[in-house]
Amino acid sequence: MDESLKPIFDGILEGQTSEVVSAVQNALQQGVDPAVILNDGMVAAMAEVGRLFEEGEYFVPEMLIAARAMQAGLSVLKPRLAQENVQAAGKVVAGTVKGDLHDIGKNLVCMMLEGAAFEIIDLGSDVPPEKFVEAVRESGANLVALSALLTTTMPNMQTTIEALKAAGLRDQVKVMVGGAPITETFARQIGADGYSPDASRAVALAKSLVAA
Amino acid sequence: MPQYQSLSISNLNDFIYGRSPRPVRLKNGMEIGGGVVYPELNFTLPDMIIDATTLPEVRRQYTQMIREACNRAVELRAPGLQVEFELLPDQTLVPEWGAEVVRILRDTLDETQSRHGLKTALRVTPNDIREFTRPPLMRRGEYVENMFRSFTLCAEAGADFLSIESTGGKEIHDDAILNGDLAGAVFALGILASRDMAYLWDNIVDISRQYGVIPAGDTACGFGNTAMVLAEGRFIPRVWAAVIRVMTVPRSLVAYERGAQGPSKDCAYEGVYLKAITGCPIAMEGAEAACAHLSPVGNISRAVADLWSNESVNNVKLLGGMAPTVSLEQLVYATRVMNTAASHGAEAARSLQSWWVESDSTYDPQAFILRPNVALDLAAEIISEPTPYLRTRRAAIAAAERLRKANAEGQLSLSNIELRWLDRITRQAEQLPGDEEAFIDQMIKSVDTNKVRLEEYGLAG
Amino acid sequence: MPQYQSLSISNLNDFIYGRSPRPVRLKNGMEIGGGVVYPELNFTLPDMIIDATTLPEVRRQYTQMIREACNRAVELRAPGLQVEFELLPDQTLVPEWGAEVVRILRDTLDETQSRHGLKTALRVTPNDIREFTRPPLMRRGEYVENMFRSFTLCAEAGADFLSIESTGGKEIHDDAILNGDLAGAVFALGILASRDMAYLWDNIVDISRQYGVIPAGDTACGFGNTAMVLAEGRFIPRVWAAVIRVMTVPRSLVAYERGAQGPSKDCAYEGVYLKAITGCPIAMEGAEAACAHLSPVGNISRAVADLWSNESVNNVKLLGGMAPTVSLEQLVYATRVMNTAASHGAEAARSLQSWWVESDSTYDPQAFILRPNVALDLAAEIISEPTPYLRTRRAAIAAAERLRKANAEGQLSLSNIELRWLDRITRQAEQLPGDEEAFIDQMIKSVDTNKVRLEEYGLAG
Amino acid sequence: MDESLKPIFDGILEGQTSEVVSAVQNALQQGVDPAVILNDGMVAAMAEVGRLFEEGEYFVPEMLIAARAMQAGLSVLKPRLAQENVQAAGKVVAGTVKGDLHDIGKNLVCMMLEGAAFEIIDLGSDVPPEKFVEAVRESGANLVALSALLTTTMPNMQTTIEALKAAGLRDQVKVMVGGAPITETFARQIGADGYSPDASRAVALAKSLVAA
């Protein structure tokens, strides 16, 4: 790893917001490529955070602190990324479907995706199909992430996918779905592009969907 | 109004399943907490939508579920059967849709009782739909009106017990859990939730009186079980979830201070503490509720249960039959052994209890804090404080303390990571002011007003 | 070859769950019947077809089921885990398809054992596909070849135990059950099934020796459980199903006489008798197997179990998780309390046992005949006879007798209709000749040769 | 009830084959309408048997004996029914689908249908779709009853229904399905006309299907 990236990496791991901000500024001054700062510094750090989480060393509170530190660093980096035309890993419109207020699972998925440098437009919970359509249209997102926790709101995932179709937006986005009652089979049935049983695997899924 | 300044059960020997100092008796003679543990069955719809067009299918589903369950209960000669109907959001948003299901259930229960002599009871649990406005309006607006109308219509339609899983304060608490933020959790539970409970339960108790039904109790599900599910998924530390569970006690106690009589809700594991404090009977759930959520407390949760529940199961087909019938059968067998042991005297019941307790309590702090002796000790500490805020603060301090001690004495073995979290919790708890107003002032500054309307809790001024 | 002329367990005090006189030990040190009761988890595919095109989905399903179950077993710190893979017909018809699944399961079990120290065992149960020819060819032809090849390939692929639910004699027995025809049932079990078992188990024991796996045992599922399920549906009397269960003992015993070592199959409730006679460990199932079939023996079946199983569950989604994971959790809690009680000494274990026994045994004759004391008595009577035929005849006479006595003494309360059936059974039993050849001659005349080929049992000639 | 029908009714209830046969002969000699003998005598007796079964007074063994007595009586009656062109309640092709050997449930359904004067063509178990098609074509049946007990053979019900369609026979028959893993929802999904959870209700279902 580049010398100047180490403090960014460590700062994120330990959730030290101001250290990360100044470390990013330093690196930029030293002329490190913004894309390298992003990928080899920040995303790599969040990947390590993810690994520590998988191993049981970190819990969500630690991840959230790391994520905040990364976001702070990112806000410094963003103008330069835009200048050099570096794209986010993907742009995701996320939400819990209509009638359903469970949002913790969805929030965790968003947090993890953000750590992997996806840009998130989080519509919250109880989101009607029209709102998903509108958000996709306005943002030009290439991914939609739907969550449902109730057996009686699962069908609203299908309704949402159909609304995207009707609006002519279905081809522009990949749709991923999740939540406790959802299965791979159900995802296939309703014409979603992918399903993941948890937030960690949701990141891998999102990456593979945008790559496809 | 009793403020519960001392425990209703103070002797560990009297703290046992099936028996409560203040049993609840229904018109049909069924008595909860009077010596027999009954199964409480809960079921829900499979993957489907509820709207005007699907109502016939909704009726068909509930009719099938209740009929098959009642049949099997008769075949297995259950001593009695309680059914819980937890309304789905749509069934509270349109109160008539919920009340209609209540009537379907009532009819089959009555028929079973009159044809086969099976004693039956029906708990109805409307949904707390106030969150459908964000930030929620807690005391006014269409959602509040429909929610109370749902209670009224369900009472009219034949409920014996009214319950709710109310969510006041949860707007703040979800984030507090995920951030490991003790002050936030205390503010949510000890201030917001407790105030909302007082408002809500005054109303529910009124409705209950008016319609001659029994106000049964509330559950801190959205707090304690959210934390437990997150801990099972290794999203948060187990000690944190255990401490939160104990912190929910003062909040859930408010329902009883306002007139609730029990049985508490199955998913309210804080019921163990409520029973010690109030003497009211409680419903609990454990291994037979794995269909609804996995948990680390599958056996220990039986220790002082007066009703034994499956929490909830969707109406899907298993090889042996529809899932609700399968659950019913499991609950009947689980209660049979409890009642059989108890029929051999108090000592036999305590032996069985002690094996359940021992079988779980060393593995997980969330199980440990359900130990009857631990619950008695901590409950006493909690009610030694005068207000919900101070009780919640005390709960956090005392629970963390007790877990640390248990680990030191080898009754629990916590990892270093968990132990570090325990210290963090204690440090945070010790910073909580002794003065409620000071605490509120401090918290109001940091609260995210996009998420909560403080005025709805009588707070902002 | 031991002919089991006396009981291996003769003292009721020694007849307890978790302990068998002849425990079975695996290479990894896991011992069944050595003091600890382990969960035995069984799972199966959801509604789907198995053919060449769906094999990837089949793999995905089994991989998911075993991974989630192993994870949960580790999280709950199970003392060990046995998994059973009961092959579906297509997986035996094409033995490679079954063996492939065995390999998937083996790999995950091994990985779990090496990474987390969880002791694991794998039972594999090929399907008795001989019935796919009707009337079945029992000893020759493609189906027989594939069935044995399935045993071989599964042993190679990593099974620890081999079992089967063989169906020899069932061609006759189904009708006998439905017609209430005792002589037909005795002919099916005491003559046909017992002869087929000898043939089959000589082969399975050979294959086991060759591949270093353990021949575990057979179940009279197609006889005893068919009758139980029919009795649950009120198609046949409960006393008839109870008597049939006892009559399956001599047939299932044959596997042990030919070299099987246990643990017997979960659904073989006759295992209680087999344990008393042979001293080999047994698997049993009860309330936690309601997912597979309802039963009147949910608790009493725990009394002398060495493995505790869910029988089988399809991979559907419940609110708490996939159904196999839910089952696993339930089995872990059920075995925890057994092992905890036992850790307090033999008397504690016997107390727990006695409550289970008492909780079920008065309600149903099928539960009554599983009482440890009743099983010891009847098992002794059964093995006092020298041949499977005479043992089966004795089983019918003694079981009916015992049930009548229990009813008279108030340990059971049978309806008049059931009592009339009991008399009818006894009358039929008393007409059975003492001479096997005479019985065979008599039966051969009435057997429907469209349904059975007697020469396949070494009979016609 | 007609005096001459009473011994038929009682004979069936008590399963006395020879009594039933001679009682039917008597009634015919006395000029009782064969359709009346069938419906008011025999089918009514089997309905009473069904009721006794529902009440727990009778088990299957008693029902089988009654059914056999009825069949014996029916064989006497049949030529006369044919002469007068009295139709069976319906003609049913029944079987357990391919790959599945469970047949007890199916057998009970057939027994009950027979008691309600349906004519049964029982194809047994492990029956491939072609065989169902052939049997329907040859017999001109108006009902098909499919049973499956394995989750992995349930899909063969759909295959069978499709084979009937492909053979142009789907409109001629109503298809009813059952067996432990089957649900109403599944039945609808695969395009069956009816589902019943048990044998008693299967009779009511069959009647309503042929009436429709």
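Labels A, B, C and D are assigned to the chains in the order they are written; within every chain, residues are numbered from 1.
Keep this in mind: a residue touches a chain if its C-beta (ideal position, glycine included) is under 8 Å from a C-beta of that chain, and two chains touch if they have at least 3 such contacts.
A quick note: this is a predicted structure, and the numbers were derived from the prediction, not measured.
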Looking at CA centres, what chain is most distant from chain A? D
Let me have the rounded angstrom distance from the C-alpha centre of chain B over to the C-alpha centre of chain D, please. 51
Once you find the CA centre of chain A and the CA centre of chain B, what distance in Å lies between them? 34
Averaged over CA atoms, how far is the centre of chain B from the centre of chain C? Could you give it in whole Å? 40
Of all residues in chain D, the ones touching two or more other chains: 151, 181
At least two partner chains per residue is the criterion; list those residues in chain B. 44, 46, 314, 317, 319, 321
Based on the touch definition given at the start, go ahead and assign the chain network to line, ring, star, complete or other. other
So, with touch as defined above, which chain pairs make the list? A-B, A-C, B-C, B-D, C-D
Going by the contact rule at the top, pick out the chain B residues touching chain A in the complex. 44-50, 88-90, 131-132, 134, 174, 178-180, 226, 230, 233-237, 314, 417, 421
For chain D, which residues count as touching chain C in their complex? 53, 56-57, 59-61, 64, 99-101, 103-104, 107-108, 124, 126, 150-152, 154-156, 181, 186, 198
Looking at the complex, which residues from chain C come into contact with chain B? 44, 72, 75-77, 232, 286-294, 296, 298-299, 312-314, 316-321, 323, 325-326, 329-330, 332-334, 336-337, 339-341, 344, 348, 351-352, 355-356, 358-360, 363
Within their complex, state which residues of chain C touch chain A. 46, 60, 317, 319, 321
Name, in rising order, each residue of chain D that touches chain B in their complex. 151, 180-185
